[in-house]
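Below is one structure, written out as structure tokens; the observations come after it.
As written, the chains take the letters A, B, C and D, and residue 1 is the first residue of each chain.
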Amino acid sequence: MQLGMIGLGRMGANMVRRLMQAGHHCVVHDLDPQSVADLVAEGAVGAADIGELLSKLDKPRAVWLMLPAAITGRIARQLAAQMTPGDILIDGGNSNYRDAVDLAAELAPGGIAYVDVGTSGGVWGLERGYSLMVGGAADAVKRLDPILAALSPGRDGTGGTPGTEDTASQGYLHCGPAGAGHLVKMVHNGIEYGIMAAYAEGLNILKAANAGSEERAVDAETAPLHNPEYYRFDIDLAAVTEVWRHGSVIGSWLLDLTAQTLKDDASLSRFGGKVSDSGEGRWTLQAAIETGVPAPVLSSALFNRFASRDNDAFANKLLSAMRYSFGGHEEK
Amino acid sequence: MQLGMIGLGRMGANMVRRLMQAGHHCVVHDLDPQSVADLVAEGAVGAADIGELLSKLDKPRAVWLMLPAAITGRIARQLAAQMTPGDILIDGGNSNYRDAVDLAAELAPGGIAYVDVGTSGGVWGLERGYSLMVGGAADAVKRLDPILAALSPGRDGTGGTPGTEDTASQGYLHCGPAGAGHLVKMVHNGIEYGIMAAYAEGLNILKAANAGSEERAVDAETAPLHNPEYYRFDIDLAAVTEVWRHGSVIGSWLLDLTAQTLKDDASLSRFGGKVSDSGEGRWTLQAAIETGVPAPVLSSALFNRFASRDNDAFANKLLSAMRYSFGGHEEK
Amino acid sequence: MQLGMIGLGRMGANMVRRLMQAGHHCVVHDLDPQSVADLVAEGAVGAADIGELLSKLDKPRAVWLMLPAAITGRIARQLAAQMTPGDILIDGGNSNYRDAVDLAAELAPGGIAYVDVGTSGGVWGLERGYSLMVGGAADAVKRLDPILAALSPGRDGTGGTPGTEDTASQGYLHCGPAGAGHLVKMVHNGIEYGIMAAYAEGLNILKAANAGSEERAVDAETAPLHNPEYYRFDIDLAAVTEVWRHGSVIGSWLLDLTAQTLKDDASLSRFGGKVSDSGEGRWTLQAAIETGVPAPVLSSALFNRFASRDNDAFANKLLSAMRYSFGGHEEK
Amino acid sequence: MQLGMIGLGRMGANMVRRLMQAGHHCVVHDLDPQSVADLVAEGAVGAADIGELLSKLDKPRAVWLMLPAAITGRIARQLAAQMTPGDILIDGGNSNYRDAVDLAAELAPGGIAYVDVGTSGGVWGLERGYSLMVGGAADAVKRLDPILAALSPGRDGTGGTPGTEDTASQGYLHCGPAGAGHLVKMVHNGIEYGIMAAYAEGLNILKAANAGSEERAVDAETAPLHNPEYYRFDIDLAAVTEVWRHGSVIGSWLLDLTAQTLKDDASLSRFGGKVSDSGEGRWTLQAAIETGVPAPVLSSALFNRFASRDNDAFANKLLSAMRYSFGGHEEK
């Protein structure tokens, strides 16, 4: 079927490619003409703006937005203003699910169906397929089935959980009314932060397992290491992540990637350690807090990212200042 | 080759089975005669006690302990006292790696090699193979290679990380001197706690996504829910975990199991929510603390298990008492 | 001066009393006629509804709301609708500071000044005075100075930080434009949660210092206690909190109350340990998350309260279910 | 009475001064001759080494060690070797209470009484007195009563909790057998870390309350700030901490110091934010973990200190590497 795609970054462009491989027809637009030209060279129809994109699709149309969260709302409203009853507007980006709830309600009176699709898979999605979490009215979601089926992994090697017949086992799921897709994707990313941090903390502990081989200051500002004999191990983290991939309880796709990464460069020298967050982890915590659900692991993972970007600088200065004021402790 | 196995619980018995399937000869002992009899019926040689077990093995011998951490040290010393130079004593249980460091040093003068093997795979290891993290002297570990190769998954479908040639890609790894195996397994379990908690917290947040449909008290003890319209979703957690298995960033073996579990009983009615911990998570944190490595996610996961067993009861009473004393707040 | 007070609960009623002791004239209203009658008996002027309350005050009027957060917005709008230009509407409750920002903007065109006052002091405020954090336009706040001065502790024994001349050293502070008062009070309460939890956790650890005197199961579900000889202390928590009050670094008013509480009933038998939260801690975290500020301690304190009310039940069941599914672990 | 003091750092020297002010006779030693000379000039008797110090005291003697934890054990054993039955060896430093348990058992057969004194009060103790938490045999502790009474605040302005008659209300407490003093002090410091972090996090949140006035990147690596209008406050943190000192629920001695610190230099420009920890916080967590007591707030405070010293660097690089590997995300 036909699909319009607006936003041809890492995610959007590859999704178009995967759709075209499945025989779908894509009309594409991006602020960067080169991104459009690249996909036109691969078989897509290019559009210079939203109006042109809409004009090149047969009604009723379906247009997918794949944009940064900060601008999605604005572009969605521009797009909707030019749509006609029966059209479907899809937001596949990392938008706050609350915006989806609001937008769907806003567009419904004009006959525009709003569908939110949480999309996971990253740069590997072109090859592996994307895991799709979908929210919206049932008839609109049903109309998009060919698109969703093409983007998702389908009957991948993983296999569905025995007894599972629905689309979930092929990698896409209608989760509920508008907002449900982004909600499920939001929590997916919150979990992702937690899992990533679990591996990172554990590997950092293993890396420090040689602490007993180092000298240590003897003063009131330094905690002594009581049993240095237990900390004289030089652990090969690349080999360890590899062995965990085979038969252990913590095998995962993220571990597969981590093993590869450490094998390529065990020192991770090209990274500085300022870890970004794109919003989903924050919103997950916001939902936890508003509904009174404890989420200490997910919040620790999020706050650690904030701290990696030195957002704890003032708090730490305060702690040093307090230590100085009550105990005369100078910073080391 | 021959192997003695002491401790025929869930793990030990299945490891014997997997070894026998690979053609190895096992002499087995357990305090429970029935456990011994069961394996004898399957081809193992039974032994009524440690002495008999040793006598039925050719020297130099290799004996594997698969026992609860709390008694492993005592049994290991009893066993070592009856061993002769050249013998290998293997601890495959969830022992503290520090005990391995100590025991190896203690047994070395008598010519007994101590090998610690962290063993992951649970009740699935018989079928999938076990991920094995091995510590000890190189020659002893090398002698055990046929055993380790048989227990581990071998060339499973997962495939080694491209470019990997060593045993890690088959699921076993010589991690370093005595203690290194249990150290790596310890951190493995610490990570496991974190990953499990990440999924559990996230799914609990999704479960609460219908909080806006509930009534809420209006008083000074209850936080108001500002936007109930954003919390009116009934999410099918079994379907969600299924869809995440296909193409998403958080796919993992634990997720596979969780999807199956939720499919079988979405209410988890047979579980009470008192979550045990077997020690490894604690020791991981201890190592983090002693070496000064931040581990907020792993510690949150551990502390949450403690709290699930009501070990926070007194602290919570104190909090209610403080609220009453400064604000006159009665508990709800 | 004259002040109208709406909401005569624990806080509101005592504030009226403290104001009357300082010679101010209070017109009071509450949905509960008895609360009104009690204060009338002590010298206040009663009002049966908002209209009557306004009619009994000279213009320009100042009316203070002291209500649960969940209804404050509604009542504030009812009140404002009956006010005239020059009047001041004060919200002294635990409202979200965002509501203050919105309300002030909403009321400004009608000439109604909105002042938000974060009020700390609890049931002790009548005697000790209240710590007041004030937001709003400078002229309105200035007009309220006699009220603020009377409610606050004034020149209490504590003394201002040397060199401090402003009202802060007397216990009230104009923190900034509308919203600033509730913002500062919000964070105050967030900190309060953290401090309370710090004491509660520490005392719980001391309480467990006799763990080495207890029997412990020997099985794969129970972490062994390696050094029971270090856990055979029976600590008198009432005496410990008392000694910390004198000369230690952690002396505080909350510690004073805690020492008294433990002296009165060391077992805290009248409390069940379900710890409420009234919203401020949640909003503090929300602000931290939105501005990217790490707040692991404050969030841990908040999440612990959620867990004390069993909001972690489903997550914990999931953890037990996972342990069962990969390791065959039964719950104890 | 007579007391020997070994270790004349910030704490030891001031304790000698406070003892001399109360009329006690002190024989003092330190590796730094100048520290000895300074106190001799104020009336103490100097000693060039441990032997001389012991020779200048009448038997039975009492000698107080005030040394870094890392060397206390060694010096204690040197000292004990030269003591005679009836002597008392006091460790007033921040030693692990486990060492106290061990040392007391080690010295008992030789008739040397070991007393551990947790000492809080910092550089203010000379003036305010020290809060003393004492462990050891009852008769030894009783003999030290004049010393303990002189060091502690005595009947300070704070006043005992009504009904309290014991020494706790004067600032010293016999907490139990050897180890109990350091145990209680250990937890005291664990709580201290938590309280400090609570203030620091809260004030950092207030400092960020102007985040809405800043520009923000629009890309997939930056979480958008949905409501900048709620984050346009410039809060005077020095004034806020001052107002909280008067009548609020979070008034404390640490807050007094913080208000003074912020008044002197609101930017805290002389501090870099590398926050040391001296061991007690670590041991508190270790005790929590071993006894199964949840301590998420205290551990968050400790881990944050570790992270302030960049001990999370490798973990953060791993997180960035993972983000790059699955999503192509470049670090900002």
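As a convention for this text, contacts are C-beta pairs under 8 Å (C-beta built on N, C-alpha and C of every residue); 3 or more make two chains touch, one makes a residue touch a chain.
The shown structure was predicted, so the numbers you read here are calculated from the model rather than taken from an experiment.
Any chain that touches chain A and also touches chain D is listed here: B, C. Comparing mean CA positions across the assembly, the chain most remote from chain B is C.
A count of contacting C-beta pairs for C-D and for B-C identifies C-D as the more extensively joined pair.
Rounded to a whole number, the gap between the C-alpha centres of chain B and chain D is 37 angstrom. Centroids of chain C and chain D (each the mean of its C-alpha atoms) stand 29 Å apart. Note on chain placement: the centre of chain B and the centre of chain C lie 43 Å apart, centres being C-alpha means.
Across the assembly, chain C contributes residues 122, 197, 199, 201, 203-204, 208, 223, 226, 249, 253-254, 260, 277, 282, 290, 292-296, 300, 303-304, 307, 311-312, 315, 326-327 that each touch 2 or more other chains. Of all the residues in chain D, the ones that touch chain B in their complex are 249, 277, 282, 285-286, 289-290, 292-296, 299-300, 302-304, 306-307, 309, 311-312, 315, 326-327. Considering their complex, residues 97-98, 101, 120-122, 125, 128-133, 152-153, 156-158, 160-164, 166-173, 175-177, 179-180, 183-184, 187-188, 190-195, 197-199, 201-206, 208-209, 211, 223, 225-227, 229-231, 233-236, 239-240, 242-256, 259-260, 263, 284, 287-288, 290-298, 300-301, 303-304 of chain A touch chain B. The touching residues of chain B, counted against chain C in their complex, run 9-10, 68-71, 94, 96, 122-124, 196-197, 199-201, 203-204, 207-208, 216, 218-224, 226, 253-254, 257-258, 260-261, 268, 271-279, 282, 296, 300, 304-305, 307-308, 311-329, 331-332.
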